[in-house]
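Each chain carries a letter (A, B, C, D and E) given by its place in the written order, and its residues are counted from 1.
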Amino acid sequence: MNHTSALTGPPAAKRVGRVLTYRKAAIASLFFPPAGIPALIHSIKASRLAEQGETEPAREQGEKARDWAWYSVGVGLSVYLVAFMVWLLFTNGGSVRKVFLDWSILTSWDAWHSMLKGFWINVQVFLIAEVIVLIWALVVAIVRLLPGKACRPIRFLATVYVDTFRAFPAILVVYLVGLGFAQAKVPIVGSFSDIQYAILALSLTYGAYVSEVYRAGIESIHWSQVAAARSLGLSYTQTMRHVVVPQAVRRVIPPLLNDFIGLQKDTAIISVIGVLDVVSRARFINNARGTLAAYSIAAFLFLCVTIPFTRWLEWLQRRRQLRTEGGR
Amino acid sequence: MNHTSALTGPPAAKRVGRVLTYRKAAIASLFFPPAGIPALIHSIKASRLAEQGETEPAREQGEKARDWAWYSVGVGLSVYLVAFMVWLLFTNGGSVRKVFLDWSILTSWDAWHSMLKGFWINVQVFLIAEVIVLIWALVVAIVRLLPGKACRPIRFLATVYVDTFRAFPAILVVYLVGLGFAQAKVPIVGSFSDIQYAILALSLTYGAYVSEVYRAGIESIHWSQVAAARSLGLSYTQTMRHVVVPQAVRRVIPPLLNDFIGLQKDTAIISVIGVLDVVSRARFINNARGTLAAYSIAAFLFLCVTIPFTRWLEWLQRRRQLRTEGGR
Amino acid sequence: GSSKSTTSPGGTTAATSAGAVVDCKPVKAGTLSVVTSLPGPNFWGTTNAEVDPDKIKSGIEYDLANLIAAKCGLKMSFRNESFDALVAGQVAADSYDISLSQVTITTDRAKVVDFSQGYFKSDQGLLVKKGTTVKTWDDVKKLTVGVQASTTAEYYFTSGEKKGWKLDNTKVFPDLSSAYAALNAGQVDGIIIDTPINLGQASQSGGKLEVVGQFKTGEEYGAIYGKGNGKKAIFDPILQGFIDDGTMNKLIAKYLGGDPSTVPFIDVPTS
Amino acid sequence: MAFLEIQRVYKKFGSVYVLSGISLDVELHQVVCLIGASGSGKSTLLRCINALEVIDDGVILLDGDRVSGRGIDVDSLRQEVGIVFQSFNLFPHMSVLDNVTLAPRKVLGTSREEAEATAMGLLGRVGLADKATAFPDRLSGGQQQRVAIVRALAMGPKLMLLDEITSALDPELVAEVLNIVRDLAEEGMTMMLATHEMGFAKEVSSKVCFLDQGVILEEGPPEQIFGDPVEERTRAFLKRIVDAGRL
Amino acid sequence: MAFLEIQRVYKKFGSVYVLSGISLDVELHQVVCLIGASGSGKSTLLRCINALEVIDDGVILLDGDRVSGRGIDVDSLRQEVGIVFQSFNLFPHMSVLDNVTLAPRKVLGTSREEAEATAMGLLGRVGLADKATAFPDRLSGGQQQRVAIVRALAMGPKLMLLDEITSALDPELVAEVLNIVRDLAEEGMTMMLATHEMGFAKEVSSKVCFLDQGVILEEGPPEQIFGDPVEERTRAFLKRIVDAGRL
């Protein structure tokens, strides 16, 4: 056998599994001394042992140097950050705390009561809008998926709707619908209440988003699934109904929930057309008392809704991912 | 050979390739008579020919019935829809047109000039915010990806930031930052201008979103790529730098642009802290003239920015998809 | 409308007992439907008092609305609308009787809504930190001045619609408290808004702020009625009664705690 | 008249002809194997027969009835012609039993009981009766492919198209699937199969067609094609397969 | 002392032991084949040797030096031990040449010219010199796998681990990859390969190990394992492979 042939290449002189001392990392981690100092000590020990040929103990010291260097990043940075935030809260005679977290508001039952009443309006708006969006977006998605040249005009109209409403800032739609429909005495919707206008405007905007989600969900079903169903003699409609849509629904749920979280947050803009929602009420309190604490309450209330929702969504996504990886 | 064995099952009596008359579709398509009538005629012809055993001409008629039925859906629905919209525009003595598209505003150079000046502020805000977000989000993403138990505290802080700011409505962050920082005399940022506050608030919000995008992009690189790089002897940092990040950047661009479109639209909310942006100016004109035409102009201006951006994004995504399908 | 608050007619003036009950033909039987745009400190609710819009029990326009309701023998009920919708005629005319929302009467606005006669003079006052010397228009021009969005101050001092009044350094705030906060924070040197409102703020500041001058706009707040729906004919006489018998002045003094006539006028050169 | 007649069939994707004038007859109870390099058009031909692709020229007759081109009822054609794919394509959201009974119930209108009885019979034959309630992702590749075959058989097709049904399987699982096909062939099912399993093709087929760039370069009985191919390209192809240890 | 010594290695995922006490010696210039059913732990064993997985117990020695456990320098270990995966894992954003030269340049600090010269030499040997500037997605599976082998060789490893490197290939492309491995074996490269290509394993290996549920059930020269296996399970496994026409 010929050991320096073309394929095996030149033999290199390397040491396998040698000792690592992590010296640079240890020095850098001195920026947070409580972890940096032990890191450096272990690192020095490691190189001394390595020089004496005590490989195994040297490796042990190297590992320790590495661990301490990591502590200096992880713990050090956090300590500095938290200290900075505490300082911020109490600097200027606590003015930050007073502006954002005024006790007299945070502990006032009246303020909470008022804010909760306002938030209940936001909740109603997004719950109703979500139901409307679910249906309306499906109609739009179906129209956009109609096949053939004959349906080009209607597909085009649906596409124009989706593209424009995805391009408009929601706040402008709220203004246009909330102020304009009443003024123009548009038939039927001309005598809606402000809350109804808010629901309508958000439904129009999010209907466009969600119809895209539906469409992507249906299109994400691999064509081979359709081929399999059609090859068994199922008609187009049967294939959609029994094979494509049941699979699409599962895939659609996470992006749908994502849009719904967006919708929930966007209810914060309906105050601009005079709905006495949680933001209007925060503004009212701000005007009466000159503190933003009510806005902090509003932010907290939104947090209480959107965080669990987001967690749930992430859980769904993770589960789906596991399934996909588990399956083929 | 035994033809009715267990595997081949019972032979069914079916006709292959029989004639389709599309009768039901033709009748349903009468809701738009110009296409429904020919559909029905062809359908009837098809069944008559089929009865006479003239299979091939019958099939031809069936195809035509089908085509016309589709026309009734595609063209019929669009005709009805467009007619409805035209009627809406001119009903009530054209009040809809007057409210949303008042000529005296739409043709006023002064109005356009003012609106464009306002929009220029929105453009500046999102351009600057986008640059800040790109960098700030990367920092947050890197912190969130720090490995090991040692970095748990700092990862936790970054996660809290990301989770809360993703949960807050952007408008509340704008209020809190825009009104509160000055009032509380927060060091450094306490003397920002409103536009700077707007940029800061949007950067904080979108920094949280985009850090998630970065993180997902890096995590989307299949572990086998990391395994391949590491198995060649590349260090963790080298693997990140030469293998993971270059691939992640490409995947990150579409969702990043998507968030940037969101950011561009969300500049419409900065009017609430008094920035004289396009929405403030639209409100000014509305209050002075009692017409929402300026809001329509604002919507149009946003359209001009976000639609090309969206198209570009879709083009990028399609290209990427083609590539992925073309490759392995 | 979202919030409705019903109170029995209250009031401290003699006006309640003056004259017989008037038939006001309310849009909703038994109720005087009032529209306003919150917040409106000291007009609907009092600074440092109410934190819940549904529990407003005080304020100049709140009291006025109750007095009118009493005159008509009705309960008063108010709801919130956006200021923009009110002044641009974008609130359905058949959904309210009268709107009291510190709206300045302008000819433009009068094209889309009906106004009552003025019940509150709204010359524009300049509020500054004590010690800032402002005597002439040139002094004013050197200042960075805050105004509230959608107010006449914004209209006059930022747009140049009124000859010579345009200021170079203005900031527009969405609401008054943020404007006052900016003044306290030193982000702006002064706030221009209706003199009585600024007087109220000055009296609350414990001497830290003062109103150093005002600009004659000749403008007044008027109630808004739906365009051409006949409410004007019903409510104008009632309003006039409250102005004539001094009720209005008492309300202003009660809630704003200052006399606008003591503030010197600053002339704006028109050349 | 042969059971399946493919006459001068052309098919292009974009401007590239993937099938350029294929003619082929399949008699009742015959097993025809398509062999050929990757990309030679085997899958496309099978998909055209089942009308999953629209052909650009030529005609396909089944039992003397035209089954390609305008105005045909593809759904009833597909009840006659079953197809099984390389990648199984089971419906992941349905149990094995539902996968098998869906088409009989929805297309033929068979009652659930009857469809399930037939399905259980077929599943029993392929050794999967105990997996009836399992979901596809709980089955091995070989098991999934057996279910896919059963699913196609449940419609009682007269012709089965099998497209490289063992390519996606681990070698140990190949045999269990091929055994089923062997049984089917013995029972007289008419079949066309695209395959890389030359040993199996040799054993089971009545006719072998070598496809090369969209044309049938050579066809004949398996002994001739594998033993003494006429064309140079057939020889080169078979040599590569032998080198890989697959013949 | 063997070149590679694997001593009582245990590895678990979650609570399931995937390797339960594997001991195995590989001498310099030996070619060891791992065979066994899917899931028996072949890939895991190879990945443990290369420190891509952390083992739970036992020790691995390379050239007498410990290369598993705490405090070892995995990057330098990996310069000694190359691995090629079933799924190629080329870097899709780099040309073939960059794929091959990345590690020599960044890890060994070789100059670009030198690295490229070596790479071109190796690519020429596997018949891919003309593809040096192509991107991986423009290559066939067989070509990609040959590049992956070259990429590992470019680091001058002393031991090559090959994990089912032909499983993802079309049968016609298998031979071109196996030929390279055959050449490597002839040149005396020390190799461990997990494979389903029994014919090839028989031909090339000095020792065959049959893995079953994480233990080496049987090991010996290829003639013995394939010709006269002792264990019942080995026999059953080989029978399934023969049925599939792969031996």
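Assume a residue touches a chain if its C-beta (ideal position, glycine included) is under 8 Å from a C-beta of that chain, and two chains touch if they have at least 3 such contacts.
These figures come from a predicted structure and were not determined experimentally.
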| remark: Shared touching partners of chain A and chain E are B, D
| request: Could you name all chains that are in contact with chain C and with chain D at the same time? | output: A, B
| Touch-network distance, chain C to chain E, counted in steps | 2
| Which chain lies the greatest distance away from chain D when centres are computed from Cα atoms alone? | C
| task | Indicate the whole-number Å distance between the mean C-alpha point of chain A and the mean C-alpha point of chain C. | result | 43
| From the C-alpha centre of chain A to that of chain B, how far is it in Å? | 15
| said: Taking the mean of the CA coordinates per chain, how far is chain D from chain E in Å? | reply: 35
| message | Among all residues of chain B, which ones touch two or more of the remaining chains? | response | 179, 183, 185, 272, 283, 286, 290, 292
| request: Would you pick out the residues of chain E that each touch at least 2 other chains? | output: 76, 79
| Which residue numbers or ranges of chain C touch two or more of the other chains? | 83-84, 88-90, 174, 178, 181
| Pairs of chains, among all present, that meet the touch criterion | A-B, A-C, A-D, A-E, B-C, B-D, B-E, D-E
| remark: chain E residues touching chain A in their complex are 29, 62-63, 65-67, 70-73, 76-77, 79-80, 108, 118, 121-122, 125, 153-154, 156, 158, 180, 183-184, 186-189
| field | Residues of chain B touching chain C in the complex | value | 178-179, 182-183, 185, 190-191, 194, 271-276, 280, 283-284, 286-292
| field | Residues on chain A engaged by chain E in the complex (per definition of touch) | value | 1-3, 5-12, 14-20, 56, 58-60, 62-63
| Of all residues in chain A, those that touch chain D in their complex | 224-225, 227-235, 238, 242-243, 246-247, 250, 323, 326-328
| field | In the complex with chain A, residue positions of chain C that touch it | value | 1-3, 37-39, 41, 45-55, 80-85, 88-92, 95, 174-178, 180-181
